[in-house]
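First chain written, first letter: the chains are A, B and C, and each begins at residue 1.
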């Protein structure tokens, strides 16, 4: 029992420690693709370190929401990391607390507070970003729903640990159309929710074009560090769900010993870095969509997810 | 003599007109090839009328892929007849227009290919191959529709191609489903006769689905309402001889493919093919009859009349076995009369240079030949006695009443009367109406009708007039065989 | 053939069919003309893949033939033919507005695909127990979506692709339920597709030259009433 709690905390630690690294690697790779050298992959750690040591300035006109939000944004992905398979292929101590839908709600809670906080300060750019995030969010919501419903339809469960077994037993299931189409739909969702390029430019500095970034414009010091770190962890957790549950449920620790679980860390990181390569390829080869074209992008994701459902029904 | 020989003259003519032949030969080649085809078709129809259907094997595994029975022979004969008169008509019609040599050859090569593809429809007995030649008729005639290369002609050709091919897509699936139904009975040759033989054992659901898909798909090309929207455009924008082919015989030869399913469907329980035919046919007749009233273009007038006639034929088939003879007679009378109508419309167009009904008044004084032809065509196509269409429509109505379909027959009669007025009001104004401005009646300004057009008009008028009072015994035998082919 | 291999083949075939459905949706919505062509090529490749996999399953030489014919004609000859015949501007066109906006079009397309399920499943059942699989319903969906493409698009190339996609859909169902259709017929149908491309290409070139646009769906001058009076849908 204690062992399982420890492993669970180890999962959280992995997410906390390596989330900035994933962000750093992504940024560096993108710079390299653009024929630049780019910052070190450890730059996000230095940024966080620097921000934690800076003074925090909070607007006098803001309410408690503004002060409270960074903690929620920071904690939400940690909660999710307790629920999902980050390192092990068997459920750990806290996994009983929620399924994939539960995880989705917890992540959405963080997003909800970030949106409120953006409106709270009356900075003109915050509400712009907030309303845009909501637009992306409510367009992505039905896709999330269909994806989860299809998953539960195929696997008979929304518990990630059951789902991941379903895709590889037998191996032919991996090629089932519902699986491949779900993966495609979820990939589009990750791009939308993670604020990646066809939907949003994470490295953009032009406030009027921002979607995700403008919500944390008013933050400074420790609050900003928490927002940033939380955002990186959220993306890392999404990647874990995507890779460990949906796409490649291999490389997770099946054994109960500490060695097995520690060995899973580099394997999972390897998968994530491989995916980052794909992500960098996508981001470098596409242009950011105009705001009202985002509806079409997510419409495509919706169609893909429904096609997954239809294909599943058609076979049966 | 092998059946496929009849395809060869058109193919050779297409090749000859496609390569660099001297300009003066080009129309002649088409006319000669059509005459040869007509002679062959008459011979074949004669032998079928005398001795029943003919089938032959193309090779091992392709048994009975080429066959000709009464229905097929009738269609073949009509195609050859209309193709010949239209080819004669084309000679003068195109000589009138200023055409480059290449454009002339292009027209004739396409014309021959079009005739070739139509001739193949009644000859081939393998349904999927029939589908392919139906596609070929669309593709070969598409560029003939757009021949005049005006904005309107191109638009008409585009609609024609897209809607016909869209229908063909559904029909293809229908034919594949039909094949699957055939396979489900444990094999057998996939031909019209094989289908009729296997029909009682085929899964009813598959046959019904296939029938509906094919009825909708090919019905698009026949011009059944509500899939008719392209037809008035294409059948009015094409050059007049091509209109004669399209309206007079192409629609009918596609309808023939649909008719092939009726004997199959009769063996399938709960298929109601007759009901579908009756409903769809009456809708077509009714819609076309009312649309005729508000037409502004006299070629469109005849094109809508084609929709009406396709509806009449389908209704007749739906009225039951006693009306089948009338339906076959209607196919014949429509083919000869409608082609004549378009020849008359073409002559009018040559004389006045506009398609607008309102702009043509007092035609009988300006161009007596065209005016007289238009009156005969108008009366002929609307079923005025004693012309060919009257006889066939009368036979259909009589059979309908005899079979107890009082409502359907009454509606059909009413629609025919409405269509009669719809056409004749316009034709009457055009031919006899007083011109709004009195034009100087100098003979020099009056374009003369080319000789070959006049010849085609005379030749085309002969069956219109004769078939109204007298049906030759061999034709009667052929019609009876064709009618028999519609029932099991 | 062992059960596991059979299962794998069936799942791969189902995957090809599922992606086929996705390309059919893409053809409805894709704005760029060239993108439509690429989707069509992908769709044809998936059709060929499905034919090859079914060939493996039924041990049928015919289906391998279908796969090869598809591989040669659609991804190679169709683009080449278009390149030769059609006007150069055809590829670079973007369709700014369709008849319906894209999300609406996609939703209707979705309804059609679901409708195809209710048509396809009983049909496949009627053919026989060994013909279960997604080919028939997805083929019907492809057919319907192709027809739908023809009604919502205006640009020439997507319309042509819609026509060809209809044929692809009919074939996807056909390779399962009519897998022993004569090879002669298969070849003739493939040739027919090429003739369609040729004729439509020539027509589009004439339209582009005469009217100055390749948005052929916008041609609507042939109507019953003289211009000025609205005649809704009369010429459609």
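Going forward, a contact is a pair of C-beta atoms (placed from the backbone, for glycine too) under 8 Å apart; a residue touches a chain by one contact, two chains touch by 3 or more.
What you see is a predicted model; the values in this text were computed from it and never measured.
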Among the other chains, which touch chain B and chain C together? none
Give the identifier of the chain nearest to the protein's overall CA centre, each chain being represented by its own CA mean. C
Just curious, how far off is chain C from chain B if you go by their C-alpha centres, in Å? 30
Whole-Å separation of chain centres (CA-atom averages), chain A against chain B: 65
Give, as an integer number of Å, the spacing between the C-alpha centres of chain C and chain A. 36
Chain C contact footprint on chain A (complex, rising order): 170-173, 175-178, 180-181, 184, 295-296, 299-300, 302-304, 306-308, 310-311, 313-315
Touching chain B in the complex: which residues of chain C? 119, 122-123, 126-128, 131, 139-140, 143, 146-147, 150, 159, 163, 166-167, 169-170, 173-174, 177-178, 180-182, 184-185, 188-189, 192, 195-196, 199-200, 202-203, 206-207, 210-211, 216, 219-222, 224-226, 234-236
Which residues of chain B touch chain C once you look at their complex with the stated criterion? 61-62, 126, 128-129, 132, 135-136, 139, 142-143, 146, 149-152, 154-159, 161-162, 165-166, 169-170, 172-173, 176-177, 179-181, 183-184, 203, 205-206, 209, 229, 232-233, 237, 291, 294-296, 300
Along chain C, where are the residues that touch chain A in the complex? 4, 7-8, 10-12, 14-15, 17-19, 21-22, 25-26, 29, 102-103, 106, 109-110, 113-114, 117, 120-121, 132-134, 137-138, 141
